[in-house]
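Order of writing sets the chain letters: A, B and C. Residues in each chain are counted from 1.
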Amino acid sequence: MTVITKQLSLNTRGEGDMLDVTRNVAEAVGESNLKNGIVTVFVPGSTGALTTIEFEPGLLMDLPDILERVAPKSLAYEHEKRWHDGNGHSHVRAALIGPSITVPFVNGRLTLGTWQQIVFMELDVRRRSRNLVLQIIGE
Amino acid sequence: MTVITKQLSLNTRGEGDMLDVTRNVAEAVGESNLKNGIVTVFVPGSTGALTTIEFEPGLLMDLPDILERVAPKSLAYEHEKRWHDGNGHSHVRAALIGPSITVPFVNGRLTLGTWQQIVFMELDVRRRSRNLVLQIIGE
Amino acid sequence: MTVITKQLSLNTRGEGDMLDVTRNVAEAVGESNLKNGIVTVFVPGSTGALTTIEFEPGLLMDLPDILERVAPKSLAYEHEKRWHDGNGHSHVRAALIGPSITVPFVNGRLTLGTWQQIVFMELDVRRRSRNLVLQIIGE
């Protein structure tokens, strides 16, 4: 059993951007030479989130649309009253989806479904550079 | 420290079906003979989800009802415009709840509360066969 | 590689209370003397939740407000019809956010962002004593 840490640097295009990081995570697991274990993908920062989804153009619009239903930008956020950075909704959305995802791998391969990809969601209101942490634990 | 992989096959009854998999996960941990660690339960596929809930008949209606509030079937999903499989809302709901749950175990027992069960939620619009991955890491 | 289990006892002030447990988790990781790994923070119980957020007073109001939008107290929950404990919305909200969070640590430090804290959310309708499980796995 061992732990291997990788970083994944991303440049996002701003709010609602969704990046398919599946290949990056799969390659990191492959390079680790570990056969069986889990990989935790984590975003340091409170306005991004990780989940899985079928990465196709329709859902890349649908998921942000639903987040706008859940936590609309137009509400009067208390965060905004204090900090005036226009991203109260971003923080709330990120807390709901969560900052990490843990995926098992078996025989060196992620156990994802065929139409299931690991995605990073940029929820902040501007372009950001993100450095995801990939923590791979296995044997 | 070691890793043990188990599979759990389920047949779901379609949309909104919630299956209590606590006993299955507890047995897998028991059979592993590991004393302390974590188990990650993961669904390969982008229209199912895992969480914990008190598994009683009321909440088995309430949680799907709230998901219908959050991401109603009746919306015009972009996914639907492209793929015509009627499950745009399923994908969005699954991405919100998430495809995995990680539960610690101590002295061979899951650290769940008395009224807390591990549930798989079928969010797709039809009956499905599901093969969950249980990745058990511990010593 | 080893596993170290810690408990974290909290007294919450009731519904909507959010407690910053970052320091407690960081200290537990420090005391473990492990350098690299993951820590899973888990709440036994189905009316509490864990996530990360920027722990500032505005968001401590905004996140509960959004949960009230998503799963309002005023709805007629089936859970309530059976159990009359007034917390059907609590259960649903907890299932949506989730009972655990997994955070990597590297060189003995949590990989959180500067403005990102680990929070426990009390979603039940009364004061509760909570015993979180911190499962630390690493080397």
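Following the convention adopted for this analysis, a contact is a pair of C-beta atoms (placed from the backbone, for glycine too) under 8 Å apart; a residue touches a chain by one contact, two chains touch by 3 or more.
Keep in mind it's a predicted model, so treat the numbers as computed, not measured.
Relative orientation of chain B and chain C, expressed as the C-alpha superposition rotation angle, is 120° to the nearest 5.
Counting the residue numbers used at the interface between chain A and chain B, under half appear in both copies, so the two copies meet with largely different residues. Put simply, the C-alpha centre of chain A and that of chain B have 19 angstrom between them. Multi-chain contact residues of chain C (touching two or more other chains) are listed as 1, 70, 96, 98, 102, 137. Within the complex formed with chain B, the chain C residues making contact are 1-3, 5, 40, 42-46, 70-71, 75, 77-83, 88, 91-92, 94-96, 98-100, 102, 133, 135, 137. Interface of chain C with chain A (complex): residues 1, 36-38, 51-54, 56-59, 61-63, 65-66, 69-70, 96-98, 101-104, 106, 111-113, 115-116, 119, 137-139.
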